[in-house]
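Next come two complexes built around chain A: one with chain B, the other with chain C.
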Partner chain A sequence: MFEKSRGFKVFITIFAIVIGIFIFFPLFWMINTALKSPSKTYTVDLFFSSFTIDNFKNVLFDRQILTYLRNSLFVSFTSSFLSTIVSMFAGFSFSKFRYRGRASLMSLIMMAQAFPQAILLLTLYTMMQKLRLDGSYISLMLSYIAFVLPVGTWTLKAYFDQLPDSLIESAKVDGAGWFRIIFQIMFPLAVPGVISTAIYSFVWSWNDLLYSLTLITEDAKRTLAPGLVMKYMGEFNNNWAEMMAASIVVSIPVTIIFILLQKYFISGLTAGAVKE
Partner chain B sequence: MKLTDKYVGYILVLPAIAIFCAIILYPFINSIFLSFTNKSFVSNEFSFVGLQNYKKIFLSPTFLQALKNTLIFVFFATALPFVGGLIWAIFLDLKFRGAGFLRGATLVNWIIPGASISFLWAFIFDTNRGIVNEFLKNIGIGSGTYNWLGSAETAMIVVILARTWQMLPWYMAFLTGGLQSISFDQIEAARMDGASNWTVLRKIVIPGMKPIMVITLVLGIIGNLQHFDIPQVLTAGGPAGATTMLSTLVYREAFSSYRMGSAATIGTIWAILLGIFSFLYSKKVARD
Partner chain C sequence: MKKRLLGTMILVVSTMLFGCSSKSGSEAGTSKESSKIVWAGWSGEEESTKPFINDLIHSYNSEAKDKVKWVGWPWKDTQQQLIIRNQGSEQLDVAQVDINMFGALAKMGLLEDINTLLGKKELSKTYEGSALKVGQVDGKQLGVPWSVASIGMVYNPTILKKAGYDNPPKTIAEFEDCMAKIKAVDPDIIPYGVATKEETMATDFQPWLWTFGGKILKNGKVTLDSSKTKDAMNWYKELLKNNFIQMNMTRFDARQLFAEGKLAFYDDAISAKGVAMQNGISEDKLAESIQPMERPVLNSGDDPQAAMWGHLLVVFKKSKNKEEALSFIKFVTSEKQALKYLNSNGMPPVVKSALSSDEVKADTWTKSWLDYSKTGQRLEFTVEQNGSELNNILVEELQGILLNKKSVDEGVTSASKRIDEAINQ
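== the complex of A and B ==
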């Protein structure tokens, strides 16, 4: 694209080094600190000199953190599953049916992410209290589904758009019901879209802080992000080695999913904005 | 499309619409309604106070500071990762060995939870010989115990840096898509005419990427206007309100001070700001 002139080389080299350090050094420093003994936290030493996995042990044998971890896994898997189903139905409907109000419903759902989330909470909190759903995961999961809907619906609609209508027609001639058409015929063909929606949704639930901090108040039910914030916030300046280990532990599930399914993930990331 | 059973279409979209109405539409309308009342968090009784909340809010230094902070934060936390992400995307587009790996590794920053990112940056800028203080001391600047997060002048810088670190990969991913959509023929033709890198950038690359740049910027601004995690965990809005954003202020007014009416008022003003950008975004998407 650009001619590798001297000016270009100098420019790109300087900036690549600066940006490269900015991107990767903090991550390296987090891992490095988590792997060395707490007495070396404030030194510039690398972890080889006092290698230890005690920080990770402390985090992983902490019953409180294990509870948060289990809660997070449960909430994230369940809401990922549910929001993928809801998005799939909506995406299929928008793609293969024509009815009155379709266009306005589509733009309505598209807007879901643009509402300020904190202002919704003002009402949601009291609403969930009245419904006796406060402190229940149902309130959390419904919120996650709502926020994943725009990207999820759009991603899946784009996949269904590529599938020919004749597939549905011939299945109907064969006497297949809608349930079978969706799950046995369309679903297998839209798997990449389904995976990218499921991952997007999982990461959203896993990383959320605002809703989980507000809607879940009972400590035994807390998820990982707010749990760790509550646990360590009071003792800032103290146990950095353990905090770095905890930060790595909470990052590992999403990072693994991301590495395994990167291809789908990036298409999901850009789908909402670029497709259509 | 000849599918006759259009009711199936309605039924399929029903769960999505129901959840949307319950979680987003109704709470949104109700919260705007609350901004005209004096409702407190703890009691169910309230009365209408007209525009009183709005009058009070616009005279409140806390709100005005949060508004100013939000605008500063949105500007820098969008511009920095945008420019950084663009340069990084151009660099990785040089297609050297390992570029693909680096691109993947970059995205890890974006995927990890905001809570982790806040812990990490709090540690890097820690007062008692965090790595930044240690580095500055070694090159002869400062005593090595500067309180970055506790000083009003520097806390915002750390918040913006942490957010830049989190979002740079996201901008990179979008802008890489834009870079790869630019036609090589056009660049070749310009080269024949003796165009310099600068001319190619200005006359071909930027115009070619304009649609995706605009979308990225608008989405980035919407995201930053909404952003909560990093300022909340890193500084909880402090010191002395220096990093309080509209998002953290609404949260604090409602869930620490229990003033629903006032929280709803701030939220409504904030929603109007967001609405402007979302409107621009939907117009942009509709046009493309």
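== the complex of A and C ==
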């Protein structure tokens, strides 16, 4: 009854507008800065007064940025793909098998998420050095996988928990082996969970600065986040206008992927939230 | 749904294949050729200094037996990366550091004493004395100066002329009068862009504190809670009350606003002229738009204060190529390379022969700046291991006072107590 009252609707509308402004104003200011000349960066006015698309032109025709973009796409897609595969098997195992140490292992994996990234960097960096992997994409991908695994495994475990064990039993009765049960019955049913894990992993890898900066030092191998910081943020000068234009351009692939797959992402994340 | 999924999968696989098949290029000093010396820093990554650094490495590698390889990060991340690499076992011989990074690395005991490699006599024969001092900690020469001057003040001669000042003010009284006149001529101009945010607030405050006769530390003891500090703080408050300065001003804001003609004075390094050009001041208008000046003094006859600033080159204790690293440092700081650096990026030399050269004498900007740096001193937290934390405490308390959250007495006492605790923890 309260939900349908006029006062409630007005309150919700105003609340939504305020939250909307809070979320979208930084994005708007980013676009505003990108469409102004660098000398007007610190002027508090809208881009109409000094409209320019030069910042976008400079970014789009900059081969270095395109190299960073290509590297980021490669690293993010690969680490997302690999971490999703590993999370799928781990989540399935925790959900459908009962074995000694299962609960402890699950807690241990969750605990890994509790450590700050910066602390783990020191150990991971030393480990990669010992393995002679520093400077390679493998080191970066392994680090990303290590970070995404806890959330991915738990997300997919929650998803597999929703699927009835009777499905496995009836498949067994029909003569299906574990390989067929996993790949042809269980995994296809867990697609929303898989996609949400893949997107989470992709975004994590895409946004990372610290690990990429530490593990990759060769310019030609750099990913976007450190590449853009190096290019536009200097000791004496910051080119905010081009930095904003570059940030808008490079966020387009992630936005497209998210828009295409958002409904799976939401249903995957909310799996297991309600017991029926 | 299946089509969409299939499309996404094709995108993933094609990107992975594309990534795998791509070949990575290499730049000067970063190629796979066997390198003996690893040099780290940030100048080789920045657009403005990258060509010079690449050329420098190329010149060295074409002549020397021991090749140099460059490893770089953004300026703000360099200290963190140098520490991470030192904790690991990755080769790192020479690094470019600024004064703040230098202090932290020195206190961590990561740096080699150059005196043991080159000898005090040789160093003092080659390098200018005040520059050498910047790299000294507890009697050890832990850094070789590469480019050292001060954080000084610059002014806009055109704005000052409109306010009736043909020359910059010499004393604090004149400075206040000048700012009041500027405000009267054009209320939209912020007279002084002193930093009131981030760590640079602590950097800009200290020379003023010294101007008023105060010190944060004396012989290892915190002496901040004094009447001199309170005088300096009351003066800052007065400037804010009169709208001569503004809150939330960073160095980057000040640089851009100065280039736009909206600031009359601000504090910066010797590279301020180059920054002004990058921010839109044309070369033909430089002389009428930006000039260096001595910091105004409290009483005529006082020494003008300045905080020393610069880049140093350090050799790591862990390096197995210390001798080779030193000969590379000698090459980098040599007269020939130093003058090239001055011409390309306006960075001042430190070797005596370069300082007495005709090029430096003819460069009025550099000459004036170096003259104004003669009475400069190192920022007080430079050689404290937790310098960043101490700076943050100072900034928090200063901001608290300026924003009227604390009285001057309360803020100064609190700052003094917190700094004392942080140093002795």
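Keep this in mind: the second predicted complex is superposed on the first by the 218 of 276 C-alpha atoms of A that agree within 3 Å, B and C clash if a C-alpha of one lies under 4 Å from a C-alpha of the other, contacts with A are read in each partner's own complex, and residues count from 1 in each chain.
Definition applied: a residue touches a chain if its C-beta (ideal position, glycine included) is under 8 Å from a C-beta of that chain, and two chains touch if they have at least 3 such contacts.
For clarity, every value in this text was computed on a predicted model and none was experimentally measured.
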First, second, both or neither for A:51, with chain B first and chain C second: neither
Partner chain(s) touched by A:28 [first = chain B, second = chain C, both, neither]: neither
Which of chain B and chain C A:143 touches, first, second, both or neither: first
Touching partner for A:219 - first (chain B), second (chain C), both, neither: second
Touching partner for A:183 - first (chain B), second (chain C), both, neither: neither
Contacts of A:78 with chain B and chain C, given as first, second, both or neither: second
Chain B versus chain C as contact partner of A:123, first or second or both or neither: first
Shared chain A surface residues [contacts with chain B and with chain C]: 42, 121-122, 125, 214, 226, 229, 233, 236-237
Of all residues in chain C, those that touch chain A in their complex: 4-5, 8, 11-12, 15-16, 18-20, 22, 24-27, 30, 42-43, 45-48, 71-77, 81, 84, 87-90, 98, 252-253, 255-257, 259-260, 269, 271, 274-275, 278-280
In the complex with chain A, residue positions of chain B that touch it: 1-3, 5-6, 8-10, 12-13, 15-17, 19-20, 22-28, 30-31, 34, 84, 87-88, 90-91, 93-94, 104-109, 111-116, 118-124, 126-131, 134, 165, 168-170, 173-174, 177, 179, 182, 184, 187, 191, 196-197, 200-201, 205, 212, 215-216, 219, 222, 225-226, 228-229, 232-233, 246-247, 250-251, 254-255, 260, 263-264, 267-268, 270-271, 274-275, 277-278, 281-282, 285
Touch list for chain A against partner chain C, complex: 38-39, 41-43, 70-71, 73-75, 77-78, 80-81, 121-122, 125-126, 129, 134, 137, 191, 213-214, 217-221, 226, 229-231, 233-238, 257, 260-261
Touch list for chain A against partner chain B, complex: 1-3, 5, 7-8, 12, 15-16, 19, 22-24, 26-27, 29-30, 33, 42, 44, 86-87, 89-90, 92-94, 96-99, 102, 105, 107-125, 127, 142-143, 145-146, 149, 153, 165, 168-169, 178, 203, 206-207, 209-210, 214, 224-226, 228-229, 232-233, 236-237, 240, 243-244, 246-248, 250-251, 254-255, 258-259, 262, 266, 269-270, 273-274, 276
